[in-house]
Amino acid sequence: MANTTIDDVTWTSDEMMAVAAARELSDGTVCFVGIGLPSTAANLARTTHAPHVVLIYESGCIGAKPDRIPPSIGDGVLSVTADAVVGVPEIFAYWLQAGRIDVGFLGAAQVDRWGNINTTVVGDYGAPKVRLPGAGGAPEIAASCSRVIITLRHNERALVEKIDFVTSLGHGDGNGERERLGLRGHGPQAIITDLGVLRYDDTHRQFVLSEVHHGVSVDEVRAATGWNLVVADSVHETAVPTSEELRALRSFTGT
Amino acid sequence: MTAFSTLAEAIAHNVHDGDRIALEGFTHLIPFAAGHEIIRQGRRDLTLVRMTPDIVYDQLIGMGCASKLIFSWAGNPGAGSLHRFRDAVERAIPSPLAIEEHSHAGMATRYATSASGLPFGILRGYAGTDLPSVTENVRFVTCPFTGESLAAVPALDLDVGIICAQQADHDGNVMLWGITGVQKETVLSARRSIVLVEEIVDKFTPRVNGVVLPSWVVGTVVECPSGSFPSYAQDYSERANDFYAFWEPISRDRERFLAWMDAHVLGTATNSEFIASLQTTDFEVARG
Amino acid sequence: MTAFSTLAEAIAHNVHDGDRIALEGFTHLIPFAAGHEIIRQGRRDLTLVRMTPDIVYDQLIGMGCASKLIFSWAGNPGAGSLHRFRDAVERAIPSPLAIEEHSHAGMATRYATSASGLPFGILRGYAGTDLPSVTENVRFVTCPFTGESLAAVPALDLDVGIICAQQADHDGNVMLWGITGVQKETVLSARRSIVLVEEIVDKFTPRVNGVVLPSWVVGTVVECPSGSFPSYAQDYSERANDFYAFWEPISRDRERFLAWMDAHVLGTATNSEFIASLQTTDFEVARG
Amino acid sequence: MANTTIDDVTWTSDEMMAVAAARELSDGTVCFVGIGLPSTAANLARTTHAPHVVLIYESGCIGAKPDRIPPSIGDGVLSVTADAVVGVPEIFAYWLQAGRIDVGFLGAAQVDRWGNINTTVVGDYGAPKVRLPGAGGAPEIAASCSRVIITLRHNERALVEKIDFVTSLGHGDGNGERERLGLRGHGPQAIITDLGVLRYDDTHRQFVLSEVHHGVSVDEVRAATGWNLVVADSVHETAVPTSEELRALRSFTGT
């Protein structure tokens, strides 16, 4: 993690990524949250610019309002602060599958230019080089949320030309695969990394670089991307984290 | 009617070599103590079923109890990989582990399907992913009204379902609350069930989000305080998040793992002894 | 976000001629007041959906609001027939009523299916009965794993779902408890929803078997005390069993029915006026 | 309703029917209960010889222990005395359909010699003579409970040669139809009326008269049955209601 300092304020590239992800959530958004950076970003949004964001955890907690970032998706702090707690079959059937969720946050071990995600295996499925945790809630989050935001650290092993296993479908081959399969969400709209932000572009039918974080060059992003990265006509610099954002973020993460 | 017994008796009577079993718990109420007892009793060739196999499944796999894992997310939540699981899948250590993997939505559907006595369940899922290509147990059916294609998954067909709950009463009724996960479905999906409870009470106090399983669907109740440690039982304990972190380097090194299991699981006879054994180790030292 | 409004506004804005609507309630929490307001506003050509159409559906049918009924059990529980329903089906009075009938299990599956965003649901049901011969909406599918035949029913596709609940808070979250029936599914199955509550509270007190519907899935909340009369709201009122018996002879005679509806429903503007109008009638006299 | 008097104890034929039905339930039986006579009989069993009988109502009440007979299946007294209250979709899916219920009680407007039940319509479906309430929970109760007990008043219009509509399948045509259709319960085992008890006989593949109530002759039962009734080799008389049974019954029904 690189540090950046401006006017005596210092932040890490992971903090920049969390802040950028949080800003994607407008107030009132209903958000399906996985553990780790998604949970951090969603709670950051909730305690800064989006107090009415609704956080839904796959453990069945609807409208959780934790005062610290839980280390798992099933912590007690989620259930006791939730508006409602339902069983796991219900959270997937009545809430996610039914299309009631605006935004799903997903991480990835590998992602391609169409936002297809691998969290299953590096190498061959039958003889894996690295066995990853697997699908979890991701395939249906990717399918059913109105839009999906992917967050991961930016490097050539993560943003790859071809993923080893399609755990969760993004835009498929970029030629209408979601629509052909009848998926009802619009799929991944942003890939937020520690270097910048890629957004899905309907003209190019792939993710294009749209923002770079402070101190990051477009060439650096290109070099850290495993495919031939398309760059938007105008790439702007992400607004640096405000001290309010950093204070809120650190109060959660205890740093 | 519910039987009451010790954990050792409950495992001895209900869990047999080759069984298909689930020790469920979605972060909350994970029956660690039952997993430890299965290891002590040396069960082999188990098919382990769980949405979120975590440390206790890593232990069962590392100790050679399992020949197959049916799951949707296998990790040490918030801490890292399941190294014993990875060693089994990546290098067949200690023995090959067949895997059948699903999404959470698919596994949740399978539990609800089994609890409902149906042979299969349907969901909007799996479409466009590679998951159907690596298992026979995801298929697609056509809606007879709209013509849409939907994923189908089969019932789980569990021999034994094991969960933790907070309380049982003297009649064998069981009550749990907080995050309820697929605990009810696990009991209702299985031919035989074991429920580990924090305590046996005279009468239940109503609870928010309380789920009651009537005695006539509960197989065996075991009073086993802290049976979910390092997971937790809402209103009885807090999740031992530091144990999950503590486990990461132990699990990473097979020799260290075996030594730890030898000292704390094989070297103890009950869950109370297991919990007591932790007092004298690096874990409690690290806790300060 | 939830809207708050009067009952008259809620019906005017949400229920249109030709809509497919459900006023649900399984004995408990039946939204009678909403049915009365629909009658006052003279809606026509409604498709009425409900597992257990009872008196309020008899009233809607007798007053000519409905052209179709989708249901599983149509009676006056504990008291007798729905005479207005029978007149419509047996003699097309006041107009023909198309019917589509199911079993409770089939209707419950349809609600759960709709709430789940699926086009169809499956159940072990209908086999060997004549029900599939009188509707297109029971079909049979084959399990892709076992080859078994199972019944399939389609989602309900509701325009409006109307229920009663005990409480809402100022943010529009809704809470109900006691027998919860298909109340949650009715709201989650419908494009638009109206929830009549006994009162609006600052903060919910946790309840046994409490079901909370978060504000962002609730369309319109109406504070409407006794909106379920003669049904009941657990911890607010008792079921007026005597009203169900009282209704039997009124409903049996169409002229008497029309006079009663004229006096008590068309002749009142709100639910409070309706309740007050009963004080002066044979019903309260009979109560003593 | 006919009255019977022995030794100054008097009971109605409906009371005899309720008592005979209650006796079918052994202690610990899990029973799916509809309103009316089934609810009366099940609660009578619970307060006399079968204190651990488990009453399940389709409104979602599991293990209800009412102190009076509720006029509907959704009365508050059921939910507040229940071991658990679940939603209606769950009661049908997880509890009834899954085969967890031992005994289902059903009423009938018409029943035939195979225990097939009509509660839908008298006359033609499209132009009914009498429109009845319809199926309710009955088709799946008949399909999924281990065994079914039918209760109804005995007359030629009720026990008929051919029912006008099959709402709930009994033994179909008596030639293995349940098995061919994959139904998992064993179907109706007894028809308990105000005149006597018919039991399903595997040899005759139909219901046969097995008991007559006190003061009722076999010929009377034959005359009140719309099909050519098969009579068991030995028909015995139902034991008369005990004063304990009558006392318990009347304390419920308020008579």
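Read from first to last, the chains carry the letters A, B, C and D; within each, the first residue is number 1.
FYI, contacts are C-beta pairs under 8 Å (C-beta built on N, C-alpha and C of every residue); 3 or more make two chains touch, one makes a residue touch a chain.
Small disclaimer: the values here were computed from a predicted structure and weren't measured.
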Pair of chains joined by more contacts [C-beta pairs], A-B or A-C: A-B
For subunit B paired with subunit C, centre-to-centre distance based on mean C-alpha positions, whole Å: 41
Chain centre separation (subunit A, subunit B; CA means) in Å: 28
Contacts with 2+ other chains: residues of subunit D: 93, 97, 144, 184
Sequence positions of subunit C contacting 2 or more other chains: 112, 117-118, 123-124, 148, 184-185, 208-209
Graph class of chain-chain contacts, one of line, ring, star, complete, other: other
Chains that touch, pairwise: A-B, A-C, B-C, B-D, C-D
In the complex with subunit B, residue positions of subunit C that touch it: 117-124, 137, 139-141, 143-146, 148, 150, 152, 154, 206-210
Touch list for subunit B against partner subunit A, complex: 26-28, 51-52, 71-75, 77-79, 81-82, 85-86, 89-90, 101-105, 108-109, 111-112, 123-131, 134, 148-149, 178-182, 184-185, 209, 232, 234, 238-239, 241, 244
Footprint of subunit A on subunit C - complex, ascending: 1, 112, 115-118, 173, 184-185, 188, 211-214, 216-217
Residue ranges of subunit D in contact with subunit C within the complex: 35-36, 58-61, 71-76, 78-80, 85, 87-89, 91-93, 96-97, 120, 125, 128-131, 133-140, 143-144, 165-169, 172, 177-178, 181-184
Parts of subunit A lying in touch with subunit C, wherever the complex brings them together: 28, 30, 54, 62-63, 83-84, 93-94, 97-100, 144, 184
